[in-house]
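These are the structures, in structure tokens.
Both complexes below contain subunit A, partnered by subunit B and then by subunit C.
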Partner chain A sequence: MSILTKEKLKKTVTSPSRIAIIVAVVLIVASIVRRITGADDITSAGATGATLRFTIPLLMAGLGGLWAERSGVINIGLEGMMIAGTWLGAWFGFLHGPLVGFICAAIGGALIGLFHGFLVVKIGIDQAVSGLAINLLALGTARYLSSIYFAPNGGDISLSPQVKQPGVFSVPILSSFLADLNAKNIIVISDAAGILGGFVTEVSYATVLLFLLVPISTWLLWRTRFGLRLRFCGENPVAAESLGVKVFRTRYIALAISGMFASLGGAYLCMVSASVYREGQTAGRGFIGLATVIFGNWRPTGVLAGSFLFGFTDALRVRQSTSVHAILLVIVILGLLFAMWKLFQRNYKVFGISALSSLIVGVIFLKVPKIPDEFVTFFPNLATILVLVLLAQKLRPPAMLAVPYREREEGH
Partner chain B sequence: MKLSKVFWGIVAPLAAIATSLLLVSGILLLKGNPPYETLKTMIDYGFTPRNIVAELNIASSYYIAGVAAAIGFKMLLFNIGIDGQYRMAVFFAAVVGGAVTLPPILHVTLIIIVGAVVGGLWGSIAGYLKVKRGISEVISNIMLNVIAGGLVAFLLQPGRLGEQADGSNNLNTPILATSGWMPTIKFLDGEIHSFLIVSVFIGIGYWVLLNKSVFGFNLRSTGMSFRAARAGGVNAPRMIFVTMALSGAIAGLTGMGTLLSETHSYSISFPSGYALTGLALALLGRNHPVGIAFAAFFWAFLDRSAGVLDLNGVPREIITIMQGTIVLSIVVAYELIKRINQKQEQRLVGNAGIEQISVPKAESEKNA
Partner chain C sequence: MASAVEIKGIEKKYPGVVANHNVTLTVQKGHIHAIIGENGAGKSTLMKILYGMVRPDSGTISIDGKDVVLKSPHDSIALGVGMVHQHFMLADNATVLENVILGSEPVSFGGVIQHTAARDKLIEITEKYGLDIDPDQNVAELSVGERQRVEISKVLFRGAQILILDEPTAVLVPQEVDELFSNLKDLTAHGLTIIFISHKLDEVLAIADAITVMRTGTTVASVDPKSATKKQLAELMVGRELPKRREVSTQPSNKKVLEIENASYSAPDGREILHEISLAIHAGEIVGLAGVEGNGQSELIELIMGLVKTSGGTVSILDEDIAEMSSRKIRDSGVGYIPQDRQRDALLMSAPLWENRILGHQSTQPMSNGLWINKGNAQKDSERLVKEFDVRTPSINVMAGALSGGNQQKFIVGRELSGDPHLLIAAQPTRGVDVGAQALIWNYLIEARVAGMAILLISADLDELFNLSDRLAVISGGRIVAILDPEKTTSEELGLAMTGEKIA
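Here is the complex of A and B:
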């Protein structure tokens, strides 16, 4: 017992400091690279702001996937639920303002989640089939409804009328202080100010509220009785049921939350990232959300990290494509540092792999003047495949994920 | 037993179609369109000679995608990667075919083989990940689809493997030399791709492979019970890998009819979404080669006849809704049938058990 608490103590002491060191190293490297390449955008407040706007939809889809998968159900319908969210958000946002838009999207998403739950939990059909059918239905329904509702209101079959965005705020003194600091162009400090500035300048209220769902999810899933039961259903539904956990009901709730989150992400996409619903706006973000769950090893913080990474690349691609090229140099330097650290630890195998891959990226950096957009587009997918290939042993998905489960029927 | 299976196999799809028709009629009524007349115009339009030919051509592609999905299903593999496999395959087949000139039959054969090989290779990535790393083929295939799309879009840029015709936005690969074209057959009011014949052979091959070969036996047995097959000496992981590659190879032939008889080059306007269609058709046709054929034609018919809806003031997306509903209702129907059958069997087994136990008991009483 005492050993356990000691280890736990040690972990909690070291991990924040380790994160701090990593953050510092990344910051220094990014700052140096910015000077070398002249890609000013990689540490600007604008880039951080854009990253946030691209991260939140992925994060919401990822959290949605996490809730479903932790309860043992895979939710391939995330994309469809996001589409529903964009449509509902745009239409009700157009009619009654952003708040109503978000609420309606949440309700609609939860209902679709329950529908998915009915199909896979109650009836017991294949989870992938149900998810894909939901995607197909959402796509068709959104277009159908657009032709009925958007077309007479100044939009058309693939475009909604303009939607009012939710309000934004800047933290009064801090925001201008950081902007000043950023303008002074001091190495590292200005870069840090730039990045931090993006978090406090013209942030949408919606961003803050949705961001809070990360700690809330962590707390609910890992610190409450309900969360324990929910994860229990994902690990071993038979045992859970024998201890009196209502597996079906828990999974229904998990899927309702899953759908709600994904749909909120969709609503955010059309009301904050843009101010209009456009067909194909989700652009596979539901699937990237699914990827962040794997990337984040089925943990909310991991999902957050994955969404940030993917959101960041997305934002850079849209803002300034030279930045993506500069990021390669950041990767090279970080990779070499990591390799040296492993050499210091005498872990020669990891040293070899990371040194070699950094060198390859370095050659690409020197030889290829611009990273093609197509590669940036599928970067999240490629990264996920690589994570799956390289780290499959370290990943720990819920044990009974996507395994059909039948509740013992009463009276038999 | 066998008869009831056939019966349900026909009734369930029809019930699913009826359900979706009801739903669609409801939606039409809500918007104030007369359902009966709308559907009638659709059917009339879909069965005009011109459209029948077009539907046969589309159905031929759909059918191959359906067979690819069905092979996976037999092994309990959910090959949602058909999209990526098809795209990589048809692209590289077009590139290789466009780069060489060979005697006619040889040229076509080369293109088809390149397609199958590339599709198979792309499919085997997911197979490898599943077998060696235990990664669900659903996830890896979804990721691989996006990667395939991105790679092809990248390679299709002018100066790489693609070119852009003057004054056009459409990017495409070099046009195939005429020796690499497959003829079309005059039929009714249009021209049928002769690749349709190949897809019929694929269907026959699928049936023979599954029912008349050792491989097919192993495949079906592994699909039914991984452990039992393993105990029976089947190398189950290898079977999974091979099946995934085979499914990919067939998926790689999906776009060949269009490539060889119609466009003669790959362009970005090649359709996508074959994965969903293929899976839906395999489900609707219950993995049976003939069932999938009917389903493929039905699907092509829906796609094609949707064109008339817009003219009548009905958004054509209603067809997408209908297809989605059909997929869901068919799967639900099969699941419910399975459940009912299971219960019946359990009852039979239960009764048999009671008899067996009670008989010796009666005898022992007699003896006493």
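Here is the complex of A and C:
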């Protein structure tokens, strides 16, 4: 019985076509709902732009979490690293412009990442404890430094002076073409144009550069020697070490990257999403970043999808409240479609859960005229829990995630 | 000729144990050098020292005539040493190819892995040495035998000159062992040196050019395989006479404990793995399941343990259909289970031994009252297991991972025989245990059988199957192809049946 000759059992539908189908379905549903409810904002270029601005910081935190976790270390300290990023970005951005702000945030974040590495890899402190310590430390230090540096420069203990934003650009012809198309109000086409328009109109250079870190991460982690070794440090460090991989060093590098990314996310938050540092600006985004890692099944593209989901709801909250109501209808329809698909596959359990939850949301849509803001904020968290429940068996966390590893651990 | 490896005066202490004491070993270049010894004699420790994974407290090592200091496997790999570990060193969540190339990835500029080149090289190696594996499969989906082959390919891929094989044959059936050995002979003909550890003395006598015996941490004898006998080796290892096998004369009763009727199983991707299996095991009966690994044995076990569901037919235990029962329920109804891969499926490596005693019994008396676990009972019973099953350990409070492989196995066998199960699924119950412990475990299994336990014995070891079974069921291609009487069957006939040939 030769397994080599056994036919390949690649059962996964090729993902690009799958994504295309999903995107098309979502678009059509959104378009119909916009017609029905008149909530024009859900497919406007403005909404996309806002979504992007809220997505990037989460994406950076998520990617940071991903790099750390793929190497086997949980980075609860993402929030603290983001805080460091906001502060450093604001201060150096204020002094020398946004570019220097971003660079300093990156360096600072990497150093904090290395510090986390020192605590958990070298000293062997519990990973959660170290992460929490970093969060607390960052919070206190930022406030202390603000009182020293911001207060005399037109800010105060919890506020920086105004920071210049990095430049923006619109793709010349495409941008106005899509805007025209959007204005024509043709079903589906105008909606697509609206959404796409947001990606090419008044986009910050920072957005583009940071966005590129998604494919770069994928490429590094899955195509290079360094990435392979890093992933094995998360899957089976004993095996990796037995083949000569330097587990400690690899984890240090992973954590430096992790800290750098989270900190860049913070810098983006204060220089692009806003133009000032405010205390509490990160508002738990580091933790949401951790959630997107789970949501995204420890893959960069998955993290991106998760960040979009959270970023989108964030953006909605600050725009029209009618949109929120309309989005409920989108969820109901998509949920029912999903349920039908599962019914077709004879997966009755998932069918039941998704059909029931869609119906509940449906009832809310009909009965509740205005959705409280609090619920909107909470929605992505709910979505993450749903993903965990529905897809738990398909999630593939690194096998040795958060398991402390002592180098040359003997035995086994 | 310069010796490939020379080890002198190696010492290694662990808390409460001296793992290696004044070890001396010389291995000639181009030899197949066997190292034998009881469980816990310090064989693996010595090999890990030679591989740079464990640092000795004192002593010297020289490779190819040069004194070396090995700080990590990195150093020994650079010197051309490769090791196949006693326990798998694989990442489940990665492909075979990734596992194989890790650490010596062919890369182009910028550290980009050359996947195609790596893949071609691996396929070339697997074809050359008849190692049947698929580079693109996830390791999680592989059977134990396939994992073993991945481990061997790993070493070959690195082009090591000195190969250390720590019990490479523990899970291979005779045909596969023969294949492996002819490959090894090939390698030594090319000037490679092989050090291998095995508890199968026939095997050792057949292939080794030199034998070193270890006992309680030290090397006690060098033996010439040409003149040695199995009995001599065994006595050198144990330092005393082997326990005698018990003779039994009881007949199985006719009470069916396990009954499988026309059970089929299809993998999630639709391939049919088991086809209409029918098999019954009675109280007081041992049924040996023989077959080349990968012919559905693992899936059959998983069916019985409720880990996967049948796609047709029924499995019942004591006349109760298990279709709707969870694994937990099945176990609680009186089923013991010795899995094939002890570290993966039977132990918590970084939990103390007494906690491991509770595993599988965590919801029943006397290990727990369903809510709280009973630490006192668990510790008391662990002490009993350590004594009765001759588990060599400094105490029951050490981590399971600190025990030598064979001692882990003995502990698991003891645990699964506890609590008087009606049915025992024993997959490779003596994998990696020394000849003394093997006799001990066999005696316990026979004792349990006499007391009325029904036992399904899955083993790659034909001796074990012949010695213990009342009946032999042969599985091939997911079907039971023959039921044989061990008294009236020769091992050649069994071998033929396993490979799917008709018996005349």
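Everything that follows uses one rule, which is that the second predicted complex is superposed on the first by the 386 of 412 C-alpha atoms of A that agree within 3 Å, B and C clash if a C-alpha of one lies under 4 Å from a C-alpha of the other, contacts with A are read in each partner's own complex, and residues count from 1 in each chain.
Just so we're on the same page, contacts are C-beta pairs under 8 Å (C-beta built on N, C-alpha and C of every residue); 3 or more make two chains touch, one makes a residue touch a chain.
Small disclaimer: the values here were computed from a predicted structure and weren't measured.
Chemist: Does subunit B (first) or subunit C (second) touch A:Asn236, or do both, or does neither?
Modeler: second
Chemist: Let me test your reading of the model: by the given contact rule, A:Ile173 touches which partner, first (subunit B), second (subunit C), both or neither?
Modeler: neither
Chemist: Based on the superposed arrangement, let me know which partner A:Ala399 touches: subunit B (first), subunit C (second), both, or neither?
Modeler: Second partner only, subunit C.
Chemist: Considering only the contact definition stated at the top, list the common interface residues of subunit A for subunit B and subunit C.
Modeler: none
Chemist: Mind listing the subunit A positions that touch subunit B in their complex?
Modeler: Counting only subunit A, the residues touching subunit B are 74, 76, 119, 123-126, 128-130, 132-137, 139-141, 143-144, 147-148, 157, 284, 287, 290-291, 294, 372, 374-375, 377-378, 381-382, 384-385, 388-389, 392, 402.
Chemist: Note which residues of subunit C are touching subunit A in the complex, please.
Modeler: 14, 48, 51, 53-55, 72-74, 77, 83, 85, 87, 89-94, 98-99, 101-105, 107, 110-113, 123, 126-127, 132-134, 136-137, 146, 154, 269, 271, 294-295, 343, 349, 399, 401-402, 477
Chemist: Which part of subunit A faces subunit C closely enough to touch in the complex?
Modeler: Subunit A residues touching subunit C: 1-4, 6, 8-9, 11, 223-226, 228-229, 231-232, 235-236, 238-246, 396, 398-399, 408, 410-412.
Chemist: Spell out the residues on subunit B that touch subunit A in their complex, using ranges where they run on.
Modeler: Going through subunit B, the ones touching subunit A are 27, 31, 78, 80, 129, 133-136, 138-140, 142-144, 146-147, 149-151, 153-154, 157, 276, 279, 283, 315, 317-321, 323-325, 327-328, 331-332, 335-336, 339.
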